[in-house]
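Going by the order they are written in, the chains are A, B and C; count residues from 1 in each one.
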Amino acid sequence: MANIQTENNQNNAVQKKRLILVVSKGTIDMIYPALVLATTAPAMGMSVDIYFTFWGLKVLTKDGVNSVKIAPVGNPGMPMPNIVGVIPGMTKIASTMMKSKIEKFWPDVYEMIKMAKDSGVKLHACSPTMGFMDVKEEDLIPEVDDIVGASAFLSWASEPDALTLFI
Amino acid sequence: MANIQTENNQNNAVQKKRLILVVSKGTIDMIYPALVLATTAPAMGMSVDIYFTFWGLKVLTKDGVNSVKIAPVGNPGMPMPNIVGVIPGMTKIASTMMKSKIEKFWPDVYEMIKMAKDSGVKLHACSPTMGFMDVKEEDLIPEVDDIVGASAFLSWASEPDALTLFI
Amino acid sequence: MANIQTENNQNNAVQKKRLILVVSKGTIDMIYPALVLATTAPAMGMSVDIYFTFWGLKVLTKDGVNSVKIAPVGNPGMPMPNIVGVIPGMTKIASTMMKSKIEKFWPDVYEMIKMAKDSGVKLHACSPTMGFMDVKEEDLIPEVDDIVGASAFLSWASEPDALTLFI
(Lines give C-alpha, C1' and ligand atoms only; values in the text may rest on other atoms or scores of the structure.)
Protein backbone atom coordinates (compact mmCIF):
# COMPACT_ATOMS: atom_id res chain seq x y z
CA MET A 1 0.00 0.00 0.00
CA ALA A 2 1.37 3.32 -0.99
CA ASN A 3 -0.55 6.38 -0.15
CA ILE A 4 -2.28 7.88 2.86
CA GLN A 5 -4.23 11.09 2.49
CA THR A 6 -5.79 13.11 5.24
CA GLU A 7 -9.41 14.19 5.23
CA ASN A 8 -8.33 17.78 4.66
CA ASN A 9 -6.32 17.23 1.50
CA GLN A 10 -6.54 20.47 -0.44
CA ASN A 11 -5.68 18.97 -3.81
CA ASN A 12 -9.07 17.43 -4.38
CA ALA A 13 -11.34 19.35 -6.71
CA VAL A 14 -14.88 18.61 -7.77
CA GLN A 15 -16.29 18.88 -11.26
CA LYS A 16 -19.96 18.52 -10.42
CA LYS A 17 -21.09 21.33 -8.18
CA ARG A 18 -24.14 19.81 -6.56
CA LEU A 19 -24.46 16.86 -4.17
CA ILE A 20 -27.91 15.29 -3.62
CA LEU A 21 -28.21 12.70 -0.86
CA VAL A 22 -31.23 10.53 -0.12
CA VAL A 23 -31.25 9.40 3.52
CA SER A 24 -33.65 6.44 3.67
CA LYS A 25 -32.40 4.64 6.78
CA GLY A 26 -32.61 5.91 10.34
CA THR A 27 -29.70 4.12 12.00
CA ILE A 28 -26.51 5.76 13.28
CA ASP A 29 -24.30 3.82 10.88
CA MET A 30 -26.18 5.03 7.79
CA ILE A 31 -26.76 8.61 9.02
CA TYR A 32 -23.05 9.32 9.56
CA PRO A 33 -21.88 8.54 6.02
CA ALA A 34 -24.49 11.05 4.79
CA LEU A 35 -23.55 13.71 7.35
CA VAL A 36 -19.81 13.30 6.75
CA LEU A 37 -20.31 13.81 2.99
CA ALA A 38 -22.71 16.71 3.62
CA THR A 39 -20.21 18.53 5.83
CA THR A 40 -17.22 17.79 3.53
CA ALA A 41 -18.75 18.80 0.20
CA PRO A 42 -19.44 22.53 0.91
CA ALA A 43 -15.72 23.17 1.59
CA MET A 44 -15.06 21.76 -1.89
CA GLY A 45 -17.48 24.16 -3.53
CA MET A 46 -20.50 21.88 -3.76
CA SER A 47 -24.03 22.85 -2.78
CA VAL A 48 -25.76 20.04 -0.92
CA ASP A 49 -29.38 18.92 -0.62
CA ILE A 50 -30.41 16.05 1.63
CA TYR A 51 -33.76 14.38 1.06
CA PHE A 52 -34.94 12.49 4.16
CA THR A 53 -37.40 9.71 3.41
CA PHE A 54 -38.81 6.58 5.09
CA TRP A 55 -36.81 5.73 8.26
CA GLY A 56 -34.51 8.63 7.50
CA LEU A 57 -37.33 11.11 8.11
CA LYS A 58 -37.32 10.28 11.83
CA VAL A 59 -33.90 11.93 12.10
CA LEU A 60 -35.50 15.28 11.24
CA THR A 61 -37.97 15.13 14.15
CA LYS A 62 -37.40 16.80 17.52
CA ASP A 63 -37.76 13.43 19.25
CA GLY A 64 -35.69 11.55 16.68
CA VAL A 65 -32.65 13.76 16.17
CA ASN A 66 -31.27 13.02 19.64
CA SER A 67 -32.19 9.36 19.74
CA VAL A 68 -30.82 7.82 16.55
CA LYS A 69 -30.28 4.14 17.31
CA ILE A 70 -28.38 1.16 16.06
CA ALA A 71 -29.81 -2.35 16.06
CA PRO A 72 -27.82 -4.86 18.15
CA VAL A 73 -29.34 -7.79 16.22
CA GLY A 74 -29.23 -8.57 12.54
CA ASN A 75 -25.93 -6.76 12.19
CA PRO A 76 -23.00 -9.16 11.87
CA GLY A 77 -20.62 -6.21 12.02
CA MET A 78 -21.50 -5.67 15.70
CA PRO A 79 -19.42 -7.62 18.24
CA MET A 80 -22.53 -8.92 20.03
CA PRO A 81 -24.26 -12.31 19.59
CA ASN A 82 -27.88 -12.15 18.45
CA ILE A 83 -29.06 -13.89 21.62
CA VAL A 84 -27.71 -10.95 23.64
CA GLY A 85 -29.12 -8.46 21.16
CA VAL A 86 -32.72 -9.44 21.85
CA ILE A 87 -32.48 -8.90 25.62
CA PRO A 88 -34.63 -5.84 26.41
CA GLY A 89 -32.49 -2.72 26.67
CA MET A 90 -29.70 -3.96 24.41
CA THR A 91 -30.63 -1.63 21.56
CA LYS A 92 -30.08 1.25 23.98
CA ILE A 93 -26.76 -0.19 25.20
CA ALA A 94 -25.51 -0.93 21.69
CA SER A 95 -26.55 2.55 20.55
CA THR A 96 -24.84 4.19 23.52
CA MET A 97 -21.64 2.19 22.87
CA MET A 98 -21.58 3.11 19.21
CA LYS A 99 -22.47 6.76 19.90
CA SER A 100 -19.70 7.17 22.44
CA LYS A 101 -17.30 5.64 19.92
CA ILE A 102 -18.49 7.75 16.99
CA GLU A 103 -18.31 10.89 19.08
CA LYS A 104 -14.56 10.45 19.47
CA PHE A 105 -14.37 11.14 15.74
CA TRP A 106 -17.37 13.28 14.84
CA PRO A 107 -19.85 15.58 16.61
CA ASP A 108 -23.27 14.12 17.49
CA VAL A 109 -26.04 13.89 14.88
CA TYR A 110 -27.78 17.17 15.71
CA GLU A 111 -24.46 19.02 15.90
CA MET A 112 -23.49 17.63 12.46
CA ILE A 113 -26.87 18.78 11.09
CA LYS A 114 -26.29 22.28 12.46
CA MET A 115 -22.76 22.35 11.00
CA ALA A 116 -24.18 21.30 7.65
CA LYS A 117 -26.82 24.05 7.83
CA ASP A 118 -24.14 26.64 8.63
CA SER A 119 -22.41 25.58 5.40
CA GLY A 120 -25.59 26.13 3.42
CA VAL A 121 -26.78 22.52 3.20
CA LYS A 122 -30.54 22.26 2.58
CA LEU A 123 -32.64 19.69 4.44
CA HIS A 124 -35.80 18.38 2.80
CA ALA A 125 -38.51 16.23 4.38
CA CYS A 126 -40.28 13.79 2.04
CA SER A 127 -43.96 14.78 1.98
CA PRO A 128 -45.57 11.38 1.29
CA THR A 129 -43.49 9.81 4.10
CA MET A 130 -44.75 12.46 6.56
CA GLY A 131 -48.25 10.99 6.59
CA PHE A 132 -47.09 7.41 6.50
CA MET A 133 -44.75 7.94 9.48
CA ASP A 134 -47.27 10.07 11.43
CA VAL A 135 -44.85 13.00 11.44
CA LYS A 136 -46.51 16.43 11.57
CA GLU A 137 -44.95 19.69 10.44
CA GLU A 138 -44.66 20.86 14.07
CA ASP A 139 -42.71 17.69 14.94
CA LEU A 140 -39.84 18.69 12.63
CA ILE A 141 -36.67 20.40 13.88
CA PRO A 142 -36.47 24.07 12.79
CA GLU A 143 -33.44 23.33 10.57
CA VAL A 144 -35.71 21.64 7.98
CA ASP A 145 -35.99 23.83 4.88
CA ASP A 146 -39.09 22.39 3.29
CA ILE A 147 -41.40 19.44 2.76
CA VAL A 148 -41.33 18.23 -0.83
CA GLY A 149 -42.35 15.22 -2.89
CA ALA A 150 -40.58 12.75 -5.14
CA SER A 151 -40.98 14.96 -8.18
CA ALA A 152 -38.95 17.77 -6.59
CA PHE A 153 -36.23 15.26 -5.76
CA LEU A 154 -36.16 13.90 -9.32
CA SER A 155 -35.95 17.43 -10.65
CA TRP A 156 -32.75 18.21 -8.69
CA ALA A 157 -31.23 14.76 -9.03
CA SER A 158 -31.57 14.81 -12.80
CA GLU A 159 -29.47 17.95 -13.23
CA PRO A 160 -26.35 17.19 -15.28
CA ASP A 161 -24.30 18.94 -12.58
CA ALA A 162 -25.63 16.79 -9.73
CA LEU A 163 -23.98 13.83 -8.02
CA THR A 164 -26.81 11.81 -6.46
CA LEU A 165 -26.40 9.04 -3.89
CA PHE A 166 -29.15 6.90 -2.31
CA ILE A 167 -27.98 6.01 1.20
CA MET B 1 -39.53 26.17 7.69
CA ALA B 2 -40.97 27.87 4.70
CA ASN B 3 -42.26 25.78 1.95
CA ILE B 4 -44.58 22.83 1.45
CA GLN B 5 -44.98 21.31 -1.97
CA THR B 6 -47.39 18.64 -2.97
CA GLU B 7 -46.37 15.48 -4.75
CA ASN B 8 -48.11 16.70 -7.89
CA ASN B 9 -46.28 19.98 -8.25
CA GLN B 10 -46.22 20.75 -11.97
CA ASN B 11 -43.27 23.12 -11.83
CA ASN B 12 -40.66 20.40 -11.50
CA ALA B 13 -38.81 19.54 -14.68
CA VAL B 14 -36.17 16.92 -15.28
CA GLN B 15 -33.02 17.37 -17.31
CA LYS B 16 -31.96 13.74 -17.50
CA LYS B 17 -34.55 11.68 -19.28
CA ARG B 18 -33.78 8.22 -17.98
CA LEU B 19 -34.10 6.79 -14.45
CA ILE B 20 -32.33 3.50 -13.65
CA LEU B 21 -33.10 1.90 -10.29
CA VAL B 22 -31.37 -1.11 -8.77
CA VAL B 23 -33.63 -2.89 -6.27
CA SER B 24 -31.33 -5.07 -4.16
CA LYS B 25 -33.38 -5.46 -0.98
CA GLY B 26 -36.65 -7.31 -0.65
CA THR B 27 -38.30 -5.59 2.29
CA ILE B 28 -41.40 -3.38 2.12
CA ASP B 29 -39.55 -0.31 3.33
CA MET B 30 -36.96 -0.48 0.54
CA ILE B 31 -39.39 -1.56 -2.24
CA TYR B 32 -41.71 1.42 -1.78
CA PRO B 33 -39.08 4.13 -2.30
CA ALA B 34 -38.23 2.46 -5.63
CA LEU B 35 -41.87 2.07 -6.68
CA VAL B 36 -42.79 5.63 -5.69
CA LEU B 37 -39.92 6.98 -7.83
CA ALA B 38 -40.78 4.60 -10.68
CA THR B 39 -44.41 5.75 -10.77
CA THR B 40 -43.54 9.46 -10.38
CA ALA B 41 -40.81 9.72 -13.02
CA PRO B 42 -42.83 8.78 -16.15
CA ALA B 43 -45.22 11.73 -15.57
CA MET B 44 -42.14 13.98 -15.63
CA GLY B 45 -41.01 12.63 -18.98
CA MET B 46 -38.47 10.08 -17.79
CA SER B 47 -38.21 6.53 -19.05
CA VAL B 48 -37.59 4.10 -16.18
CA ASP B 49 -35.75 0.78 -15.92
CA ILE B 50 -35.70 -1.22 -12.68
CA TYR B 51 -33.06 -3.88 -12.25
CA PHE B 52 -34.06 -6.42 -9.56
CA THR B 53 -31.10 -8.22 -8.00
CA PHE B 54 -30.31 -10.25 -4.87
CA TRP B 55 -33.21 -10.03 -2.34
CA GLY B 56 -34.97 -7.64 -4.68
CA LEU B 57 -35.43 -10.40 -7.24
CA LYS B 58 -37.93 -12.19 -4.96
CA VAL B 59 -40.36 -9.29 -5.49
CA LEU B 60 -40.62 -10.29 -9.17
CA THR B 61 -41.76 -13.83 -8.40
CA LYS B 62 -45.39 -14.96 -8.32
CA ASP B 63 -44.95 -16.09 -4.72
CA GLY B 64 -42.95 -13.05 -3.65
CA VAL B 65 -44.88 -10.13 -5.12
CA ASN B 66 -47.79 -10.59 -2.72
CA SER B 67 -45.74 -11.46 0.35
CA VAL B 68 -43.12 -8.72 0.68
CA LYS B 69 -42.17 -8.60 4.35
CA ILE B 70 -40.58 -6.36 6.90
CA ALA B 71 -38.30 -7.63 9.64
CA PRO B 72 -39.54 -6.89 13.16
CA VAL B 73 -36.03 -7.32 14.60
CA GLY B 74 -32.86 -5.46 13.81
CA ASN B 75 -34.83 -2.38 12.82
CA PRO B 76 -34.63 0.34 15.48
CA GLY B 77 -37.17 2.37 13.50
CA MET B 78 -39.89 -0.16 14.36
CA PRO B 79 -41.80 0.43 17.61
CA MET B 80 -41.25 -3.14 18.78
CA PRO B 81 -38.59 -4.47 21.18
CA ASN B 82 -36.26 -7.11 19.73
CA ILE B 83 -37.40 -9.68 22.30
CA VAL B 84 -40.92 -9.44 20.86
CA GLY B 85 -39.60 -9.47 17.30
CA VAL B 86 -38.17 -12.97 17.62
CA ILE B 87 -41.45 -14.55 18.77
CA PRO B 88 -42.61 -16.80 15.91
CA GLY B 89 -45.19 -15.03 13.79
CA MET B 90 -44.04 -11.50 14.59
CA THR B 91 -42.55 -10.95 11.11
CA LYS B 92 -46.04 -11.62 9.74
CA ILE B 93 -47.69 -9.30 12.28
CA ALA B 94 -45.15 -6.51 11.74
CA SER B 95 -45.49 -6.87 7.96
CA THR B 96 -49.28 -6.79 8.16
CA MET B 97 -49.17 -3.69 10.39
CA MET B 98 -46.80 -1.88 8.05
CA LYS B 99 -48.69 -2.98 4.93
CA SER B 100 -52.04 -1.76 6.27
CA LYS B 101 -50.36 1.54 7.12
CA ILE B 102 -48.59 1.91 3.77
CA GLU B 103 -51.78 1.08 1.92
CA LYS B 104 -53.46 4.18 3.32
CA PHE B 105 -50.99 6.13 1.19
CA TRP B 106 -50.06 3.92 -1.75
CA PRO B 107 -51.48 0.88 -3.59
CA ASP B 108 -50.01 -2.53 -2.72
CA VAL B 109 -46.73 -3.72 -4.26
CA TYR B 110 -48.21 -5.63 -7.19
CA GLU B 111 -50.62 -2.80 -7.97
CA MET B 112 -47.72 -0.31 -7.96
CA ILE B 113 -45.79 -2.62 -10.32
CA LYS B 114 -48.77 -2.76 -12.69
CA MET B 115 -49.16 1.04 -12.56
CA ALA B 116 -45.47 1.39 -13.36
CA LYS B 117 -45.80 -1.01 -16.30
CA ASP B 118 -48.80 0.98 -17.62
CA SER B 119 -46.51 4.04 -17.64
CA GLY B 120 -43.91 2.19 -19.69
CA VAL B 121 -41.52 1.25 -16.87
CA LYS B 122 -39.32 -1.75 -17.77
CA LEU B 123 -38.68 -4.51 -15.22
CA HIS B 124 -35.46 -6.50 -15.49
CA ALA B 125 -34.52 -9.65 -13.58
CA CYS B 126 -30.80 -10.09 -12.82
CA SER B 127 -29.67 -13.28 -14.56
CA PRO B 128 -26.85 -14.38 -12.22
CA THR B 129 -29.14 -13.89 -9.20
CA MET B 130 -31.77 -16.17 -10.77
CA GLY B 131 -29.61 -19.24 -10.27
CA PHE B 132 -28.33 -18.22 -6.90
CA MET B 133 -31.87 -17.57 -5.59
CA ASP B 134 -33.34 -20.71 -7.24
CA VAL B 135 -35.75 -18.58 -9.26
CA LYS B 136 -36.78 -20.09 -12.60
CA GLU B 137 -38.14 -18.19 -15.57
CA GLU B 138 -41.63 -19.65 -15.02
CA ASP B 139 -41.59 -18.36 -11.40
CA LEU B 140 -41.50 -14.74 -12.58
CA ILE B 141 -44.60 -12.55 -12.83
CA PRO B 142 -45.60 -11.86 -16.46
CA GLU B 143 -44.81 -8.13 -16.05
CA VAL B 144 -41.05 -8.88 -16.18
CA ASP B 145 -39.58 -7.62 -19.46
CA ASP B 146 -36.37 -9.60 -19.58
CA ILE B 147 -33.58 -11.39 -17.74
CA VAL B 148 -30.25 -9.62 -18.15
CA GLY B 149 -26.81 -9.51 -16.60
CA ALA B 150 -24.64 -6.90 -14.96
CA SER B 151 -23.16 -5.78 -18.28
CA ALA B 152 -26.59 -4.77 -19.61
CA PHE B 153 -27.19 -2.78 -16.43
CA LEU B 154 -23.82 -1.01 -16.72
CA SER B 155 -24.54 -0.18 -20.33
CA TRP B 156 -27.77 1.67 -19.45
CA ALA B 157 -26.51 3.18 -16.21
CA SER B 158 -23.49 4.68 -17.91
CA GLU B 159 -25.54 6.73 -20.37
CA PRO B 160 -24.91 10.46 -19.85
CA ASP B 161 -28.67 10.98 -19.77
CA ALA B 162 -29.28 8.42 -16.99
CA LEU B 163 -29.87 9.06 -13.30
CA THR B 164 -28.94 5.81 -11.52
CA LEU B 165 -29.76 4.93 -7.91
CA PHE B 166 -28.81 1.75 -6.02
CA ILE B 167 -31.60 1.09 -3.50
CA MET C 1 -41.41 -12.17 -21.25
CA ALA C 2 -39.30 -11.91 -24.31
CA ASN C 3 -35.64 -11.73 -23.90
CA ILE C 4 -32.90 -13.54 -22.03
CA GLN C 5 -29.36 -12.29 -22.22
CA THR C 6 -26.30 -13.95 -20.83
CA GLU C 7 -23.84 -12.19 -18.58
CA ASN C 8 -21.27 -12.24 -21.37
CA ASN C 9 -23.31 -10.43 -23.97
CA GLN C 10 -20.81 -8.61 -26.15
CA ASN C 11 -23.27 -6.06 -27.50
CA ASN C 12 -23.33 -3.93 -24.39
CA ALA C 13 -21.24 -0.79 -24.52
CA VAL C 14 -20.64 1.83 -21.86
CA GLN C 15 -20.61 5.57 -22.39
CA LYS C 16 -19.18 6.58 -19.02
CA LYS C 17 -15.73 5.17 -18.56
CA ARG C 18 -15.41 5.21 -14.79
CA LEU C 19 -17.31 3.24 -12.13
CA ILE C 20 -17.10 4.41 -8.50
CA LEU C 21 -18.61 2.11 -5.86
CA VAL C 22 -19.08 2.90 -2.18
CA VAL C 23 -19.22 -0.28 -0.10
CA SER C 24 -20.76 0.72 3.24
CA LYS C 25 -22.15 -2.60 4.43
CA GLY C 26 -20.15 -5.65 5.45
CA THR C 27 -22.56 -8.50 4.78
CA ILE C 28 -22.18 -11.12 2.05
CA ASP C 29 -25.37 -10.07 0.29
CA MET C 30 -24.21 -6.48 -0.14
CA ILE C 31 -20.54 -7.27 -0.90
CA TYR C 32 -21.34 -9.51 -3.86
CA PRO C 33 -23.34 -6.95 -5.87
CA ALA C 34 -20.32 -4.62 -5.59
CA LEU C 35 -17.80 -7.32 -6.51
CA VAL C 36 -19.88 -8.58 -9.45
CA LEU C 37 -20.08 -5.03 -10.87
CA ALA C 38 -16.38 -4.44 -10.15
CA THR C 39 -15.34 -7.57 -12.04
CA THR C 40 -17.77 -6.99 -14.93
CA ALA C 41 -17.00 -3.33 -15.64
CA PRO C 42 -13.28 -3.62 -16.60
CA ALA C 43 -14.13 -5.99 -19.49
CA MET C 44 -16.45 -3.25 -20.78
CA GLY C 45 -13.70 -0.66 -20.75
CA MET C 46 -14.46 1.00 -17.44
CA SER C 47 -11.91 1.84 -14.76
CA VAL C 48 -13.22 1.01 -11.29
CA ASP C 49 -12.61 2.48 -7.85
CA ILE C 50 -14.18 0.97 -4.72
CA TYR C 51 -14.36 3.08 -1.59
CA PHE C 52 -14.81 0.91 1.53
CA THR C 53 -16.38 2.75 4.45
CA PHE C 54 -18.16 1.93 7.73
CA TRP C 55 -19.00 -1.81 7.93
CA GLY C 56 -17.60 -2.23 4.44
CA LEU C 57 -14.11 -1.41 5.69
CA LYS C 58 -13.97 -4.69 7.63
CA VAL C 59 -13.92 -6.56 4.32
CA LEU C 60 -10.49 -5.03 3.59
CA THR C 61 -8.92 -6.40 6.77
CA LYS C 62 -6.92 -9.63 6.95
CA ASP C 63 -9.34 -10.98 9.55
CA GLY C 64 -12.44 -9.72 7.79
CA VAL C 65 -11.88 -10.72 4.17
CA ASN C 66 -12.31 -14.42 4.92
CA SER C 67 -15.12 -14.08 7.43
CA VAL C 68 -17.78 -11.95 5.77
CA LYS C 69 -21.07 -12.87 7.41
CA ILE C 70 -24.77 -12.69 6.85
CA ALA C 71 -27.25 -11.99 9.63
CA PRO C 72 -29.80 -14.79 10.15
CA VAL C 73 -32.19 -12.40 11.94
CA GLY C 74 -33.80 -9.22 10.70
CA ASN C 75 -33.67 -10.48 7.14
CA PRO C 76 -37.10 -11.59 5.91
CA GLY C 77 -35.47 -12.85 2.71
CA MET C 78 -33.79 -15.66 4.66
CA PRO C 79 -35.76 -18.90 5.06
CA MET C 80 -35.19 -18.97 8.83
CA PRO C 81 -37.54 -17.78 11.61
CA ASN C 82 -36.13 -15.05 13.86
CA ILE C 83 -36.42 -17.28 16.92
CA VAL C 84 -33.94 -19.68 15.33
CA GLY C 85 -31.74 -16.83 14.16
CA VAL C 86 -30.90 -15.73 17.71
CA ILE C 87 -29.66 -19.16 18.82
CA PRO C 88 -25.91 -18.82 19.34
CA GLY C 89 -24.03 -20.06 16.30
CA MET C 90 -26.81 -19.42 13.80
CA THR C 91 -25.02 -16.44 12.21
CA LYS C 92 -22.18 -18.84 11.44
CA ILE C 93 -24.54 -21.50 10.07
CA ALA C 94 -26.52 -19.00 7.98
CA SER C 95 -23.30 -17.51 6.64
CA THR C 96 -21.90 -20.92 5.77
CA MET C 97 -25.15 -21.88 4.01
CA MET C 98 -25.20 -18.68 1.98
CA LYS C 99 -21.49 -18.86 1.21
CA SER C 100 -21.70 -22.42 -0.06
CA LYS C 101 -24.62 -21.36 -2.22
CA ILE C 102 -22.97 -18.20 -3.53
CA GLU C 103 -19.81 -20.12 -4.31
CA LYS C 104 -21.67 -22.25 -6.83
CA PHE C 105 -21.99 -19.08 -8.87
CA TRP C 106 -19.04 -16.86 -7.95
CA PRO C 107 -15.60 -17.22 -6.38
CA ASP C 108 -15.24 -16.36 -2.68
CA VAL C 109 -14.86 -12.74 -1.53
CA TYR C 110 -11.07 -12.65 -1.42
CA GLU C 111 -10.80 -14.40 -4.78
CA MET C 112 -13.21 -11.84 -6.30
CA ILE C 113 -11.10 -9.02 -4.81
CA LYS C 114 -7.95 -10.50 -6.37
CA MET C 115 -9.72 -10.90 -9.74
CA ALA C 116 -10.80 -7.28 -9.54
CA LYS C 117 -7.24 -6.17 -8.74
CA ASP C 118 -5.92 -8.16 -11.72
CA SER C 119 -8.32 -6.14 -13.90
CA GLY C 120 -6.95 -2.89 -12.53
CA VAL C 121 -9.67 -2.13 -9.97
CA LYS C 122 -8.47 0.22 -7.22
CA LEU C 123 -9.39 -0.43 -3.58
CA HIS C 124 -9.59 2.53 -1.21
CA ALA C 125 -9.97 2.43 2.58
CA CYS C 126 -11.90 5.33 4.14
CA SER C 127 -9.51 7.15 6.48
CA PRO C 128 -11.97 8.50 9.08
CA THR C 129 -13.58 5.05 9.39
CA MET C 130 -10.16 3.49 10.12
CA GLY C 131 -9.99 5.14 13.54
CA PHE C 132 -13.63 4.65 14.33
CA MET C 133 -13.44 0.91 13.51
CA ASP C 134 -10.06 0.42 15.24
CA VAL C 135 -8.52 -0.73 11.96
CA LYS C 136 -4.78 -0.05 11.66
CA GLU C 137 -2.82 0.20 8.42
CA GLU C 138 -1.10 -3.13 9.15
CA ASP C 139 -4.51 -4.83 9.53
CA LEU C 140 -5.35 -4.18 5.87
CA ILE C 141 -4.90 -6.78 3.14
CA PRO C 142 -2.03 -5.92 0.76
CA GLU C 143 -4.45 -5.42 -2.14
CA VAL C 144 -5.57 -2.06 -0.68
CA ASP C 145 -4.26 0.80 -2.81
CA ASP C 146 -4.57 3.68 -0.39
CA ILE C 147 -6.32 5.25 2.59
CA VAL C 148 -8.23 8.37 1.62
CA GLY C 149 -10.92 10.66 2.98
CA ALA C 150 -14.35 11.77 1.87
CA SER C 151 -12.95 14.66 -0.16
CA ALA C 152 -10.97 12.30 -2.42
CA PHE C 153 -14.12 10.25 -2.96
CA LEU C 154 -16.17 13.35 -3.85
CA SER C 155 -13.47 14.43 -6.25
CA TRP C 156 -13.67 11.18 -8.27
CA ALA C 157 -17.41 10.75 -7.94
CA SER C 158 -18.10 14.22 -9.28
CA GLU C 159 -16.33 13.60 -12.58
CA PRO C 160 -18.76 13.91 -15.49
CA ASP C 161 -17.49 10.56 -16.77
CA ALA C 162 -18.17 8.69 -13.52
CA LEU C 163 -21.07 6.40 -12.67
CA THR C 164 -21.27 6.36 -8.86
CA LEU C 165 -23.29 3.90 -6.77
CA PHE C 166 -23.64 3.83 -2.97
CA ILE C 167 -24.10 0.18 -1.98
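Just so it is clear, a residue touches a chain if its C-beta (ideal position, glycine included) is under 8 Å from a C-beta of that chain, and two chains touch if they have at least 3 such contacts.
Nothing here was measured: the structure is a model prediction, and the numbers come from that model.
Undergrad: May I ask you to sort the chain touch graph into line, ring, star, complete or other?
TA: Complete.
Undergrad: On Cα atoms, by how many degrees is chain A rotated relative to chain B, nearest 5?
TA: 120
Undergrad: Taking each chain's centre as the mean of its CA atoms, how far is chain A from chain C in angstrom?
TA: Here chain A and chain C have centroids separated by 21 Å.
Undergrad: Do you know which chain A residues sit against two or more other chains?
TA: 71, 73-75, 85-86, 160, 166
Undergrad: For chain C, which residues count as touching chain B in their complex?
TA: Touch list, chain C to chain B: 1-9, 12-17, 19, 29-30, 32-33, 36-37, 40-41, 43-44, 46, 71, 73-77, 81-83, 85-86, 101-102, 104-106, 160, 163, 165-167.
Undergrad: Per the contact definition, I'd like the list of chain B residues that touch chain C in the complex.
TA: For chain B paired with chain C, touching residues are 22, 24-27, 53-55, 58, 69-75, 85-88, 90-91, 95, 127-128, 131-132, 137, 140, 142, 144-155, 157-160, 164, 166.
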